[in-house]
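Below you'll find a set of structures to go through.
Shared between the two complexes below is chain A, which pairs with chain B and chain C, respectively.
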Partner chain A sequence: QDEVMTSSGTEKALSLLRRLPRVSIGNLGPNPGAHNEKRRGRGIYGGKTHGAGSGGSGQRQNFMRVGYETGNTPFYLRFSYQTYYKGHHLKLSYTPLCMGKLQMMIDTNRLRCDVPVDVTQLMATGLFSISPQQKEGGFMLENEGIDHFKATINIEVQWANEAVIASVERNGGFITTAYFDPLSLTAAIKPVEFFGRGIAIPRRMLPPQHLIDYYSDPKNRGYLADPAEVARERFLLAQKYGYELPDVNASPNKDILLERKDPRQIFFGLEPGWVVNLKDKVILKPTDPELKEHFAS
Partner chain B sequence: MLKMSLYRVIEAGYRRGGRRLSTHIAPLFQETTPTQQETFSENEEDIIEQKRNKSRLKQWHFAKYHSQIQELTDDEEQVLSLRFQRKLYGSYGAISGISSAKLWPSKEELATEKERESITYPHTVQEMINIAKEQKKQEEKLLKERQEDLVRKVAKLKEWKMEVNKRVAKQEKEAQEAKEKKERLIEEVRSILGYRIDPKDERFKEALLKKEMEDKKASKAAKKLARQQRLIERLTEASAEVPSAGRSSTDDEPNRDPPSNTSGSPEV
Partner chain C sequence: EHHCIMAQRLFYPTLRNSLRCFGTTPGWQTEAVAVPQAPSAPLILNETSEIDKNVAEVAREAWIETLDPSGENLHVGLIHLHPKVFATYPRLDIIHENVVWQQKYRMVNTSHTKLRSEVRGGGRKPWPQKGTGRARHGSIRSPLWKGGGVVHGPRAFTTQFYMLSFGKRIMGLTSTLSAKFAQDDLKIVENLDMPSDEAGFLEKLCEDRCWGPSVLFVDDCDLMPRNITVATDTINHINLMPVYGLNVYSMLKHNTVVLTVSASQCIEERILHHLNKPDYHLINCAKCYNK
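Showing the complex of A and B:
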């Protein structure tokens, strides 16, 4: 007899396979339970109320209004006001720029150091987006990376704290905080678009009353502060933080470092009232005395 | 190319439901400069140049692509906004033919701008700085005043606490005394009547009333006695001071019978 171990089941299966026609889609059927033959309920009892229960207001879909808490004052009516955003439309927000990122941009040549750095230059890197319409004021420098900040730059931002100012000045650089009103900021961040409008460069407007304090304080290196007081504060800050203040007159970039904008000026080297055309590469200046007076005020 | 004479100006409009002025599709004015395609130039070069253009682009698409611009006609200059004309200059430069005088604010625009500024920025820088300083000073002043006020009040705090405690103690004491007095009265009335009785009962109330009357009389008598005693004291003091002969002892007796009425009682 056979000594090969074959079960009769296997033998049967194999013999079936030999005899029966080829397996194809037409011969196959699903395993029992593979297909869920769910049929939508139709009819009075086969329909089974479709989740509404039997009888009563549930089945009549008689729902109370959303939020109703069966009589007590509902949560959505309990608080007549909430002050989370009170006055938010009167406040500006600033794009944070860490000192570490600034150093990185300078090191990778993304940001030029051989010209004074302001909003226009920072936006020209293409790494930031500012929308003045959304009440954004510009850039604010953050503390992250002040310890290893090594660049000597002349930078103009919209907000800076003491530590940041110290880290910039320690390396012989200069920092100024300046306010740009929304229209001026729109011009400053996208100068090419602005010049395409064919209008005269406007005057930069003053800060609102609640910000004048900040921008006229020499401690913040405000652009409205007295330069003599700013120099004094520079000296005092060096003493406070314990670094030797480098002499600017000895540096080769003296002109660049000492360049400052007029409070009414938006672009370095361009005065209000001038019309710049990038197609013809010309600058047109007004001759009418009334216009001159207006743009010089 | 000669510019044709001025005709009636039609207002700037829109065509085919678009949102932009369709100056290139439908002229806004009754006269237009002839398009490039329409020119019948005498010059052979121009004709050849026209034939060279095989782009099959529409005239305006060709112009846009090659940054070409036709100078605006007088009508167009009048109708199209300053803003639009400035933008043309900004995009195309001097070849747009826009007069550079239009780039600066017109007299009306300047007046409006000045008015807006005078309302939005009424103060100069110095004024604003001074206002800020004043505000700060005011805040500090208020704060300082409040702090001083608090210091003064804290100094008196101990005294006030004592006063409050005294008042409370006094009130409590009074309440306690009243309660005790009431209890005593009740007990006394009960002892008088001899049996336990409800305070609200009628008989109790009568007894209470009687007791109160008696109490009053007793207190009155006591007061009178006290007054008499004081009088005696005063007189003895006066007599002690005056060393002259003493008075009759009869004067010192207040409880003397009143003199009889000798006028006679009326006869019935």
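Showing the complex of A and C:
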């Protein structure tokens, strides 16, 4: 057994404690500087002032509005816009996920491979934080580590390039790129919190104009692309990169690998319109035909 | 020899669980019959926790004692304690924070002062604004006046409630357990079964073993065996506690802390679970350790 002693600091501390008096409530105290003994300022002589000096408009808290430059056009009004941030509210940023990190998460059992991997599963590892409110779209797979990626998974991310797609498919896996609008993404990354709100699972919105081409392209394995064309592209990519495309029907995880979400679906196994009650462990489904039609469209 | 120890390991837990209901029978006697070796052979509990197995640090060893002094051996066996629970750096400042928190969170301040509007009187302007040579005043109960209201004084029923961060509370427990263990104030006992229910018997036992005047017995289950319950009923400084009641203040208040084997295993499992769970970043644990 390879065992080393605990770090020398801990060893030293514990052996010191053996010779010191018993640790008790009367023995303890805070670290020096932990408690800030602030003295309240009183009058003009005692203690510190309250930051306003003495006398004059400052002490009477007569301040001009923030940004006011005593009459001339202030800086914040001089420039009504700047070109460098044009369209910033439309552009999405994605959390990078290297293939090497993905492989490590799978190897260390941090990421489950017995279910299809999507945003929800990746967020469940606890290693990432996505804030849809800050215009973050989800995950994008990076090239780092594609050479030693060995896992066979069914993964759904928001952005992937050709080399990454090739490395996933070479091992018999499947990759899909899917768009999540901000509301759907908020639900997908924290499902338990979302179910706690007690609202019906919404329909996932279609991508905006500048992204619809990307997700309709079979080369990017877009979720809106024709499955037949995607299969053709898989074959072509295998030829391009020079690997043999493994037969999915022969693999034991065939069902997991072939599972795909509907374009309007956020969670696997749950349809839009359903209300999930985790407390009573019940799913409520709409019965009104109008509602059913709306959610099924 | 190896498979005899394995046999002990297999037999010991199941027998222990089956005898849990019958608190008065000393368990080790029956255990001696089941094991093929001689009854005086010590039992070595080498089981490491399922959660944090691959630890580079060396596990701490502690004797397993028995509360029945009639047997030939005082020490029934040896247990390995996880270093991340029982041999961490003893953060005395975190222990202090925990103690302060335990005392303060339930505090409600009842001290109260009246505001200028609450002090009786003071509605009328004492003298006209101008004409008298005196300073201008609007009310005889303004804070400037003697007998006037207090401006930022204490207001009754102000709670001192706050929650110490989860990581600090975990660290408080591990630091206290480590400090107690380092100072030989942590004892492991196989179970709380005693042959007699007299208070004098227990006091003599504690004195013989140099267990401090105050002793805290911690067990897995909150229904304790009858004998020890009766014995400690009249003694105020020897207390029984289930594992879920374990806290820093109680451990420091009592000179000696005595854990049963199952209690120590339960504590280890729970603390290691919290130290290793993947969403630790949400509960300030990492921040606390980087301090």
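The rule is short, and it goes like this: the second predicted complex is superposed on the first by the 213 of 297 C-alpha atoms of A that agree within 3 Å, B and C clash if a C-alpha of one lies under 4 Å from a C-alpha of the other, contacts with A are read in each partner's own complex, and residues count from 1 in each chain.
We take it that a residue touches a chain if its C-beta (ideal position, glycine included) is under 8 Å from a C-beta of that chain, and two chains touch if they have at least 3 such contacts.
Being a predicted model, the structure only gives us computed values, none of them experimental.
Applying the stated contact rule after C-alpha superposition, one finds that A:V275 touches chain B and leaves chain C untouched.
By the touch criterion stated above, A:L284 is placed in contact with chain B alone, chain C being left untouched. Legend: residue contacts after superposition of the two complexes on their common chain; A:R197 is shown touching chain B, with no touch to chain C. By the touch criterion stated above, A:L224 is placed in contact with chain B alone, chain C being left untouched. When the two structures are aligned on the shared chain, A:S216 is found in touch with chain B, with no touch to chain C. In the complex of the two chains, the chain A residues touching chain B come out as 195-200, 205-206, 209, 212-213, 216, 224, 263, 273, 275, 277, 279-280, 282, 284, 286, 288, 290-291, 294. Chain A makes touch with chain C in their complex at residues 2-7, 9-10, 13-15, 17-18, 20, 22-25, 28-31, 34, 110, 125-127.
Across the complex, chain A is touched by residues 85-94, 98, 100, 103-105, 110, 113-114, 117, 120-121, 125, 128-129, 131-132, 136 of chain B.
By the touch criterion given at the top, residues 56-59, 83, 87-90, 92-93, 95-97, 99, 176, 178-180, 182-185, 212, 249, 252-253, 255, 278-282 of chain C touch chain A in their complex.
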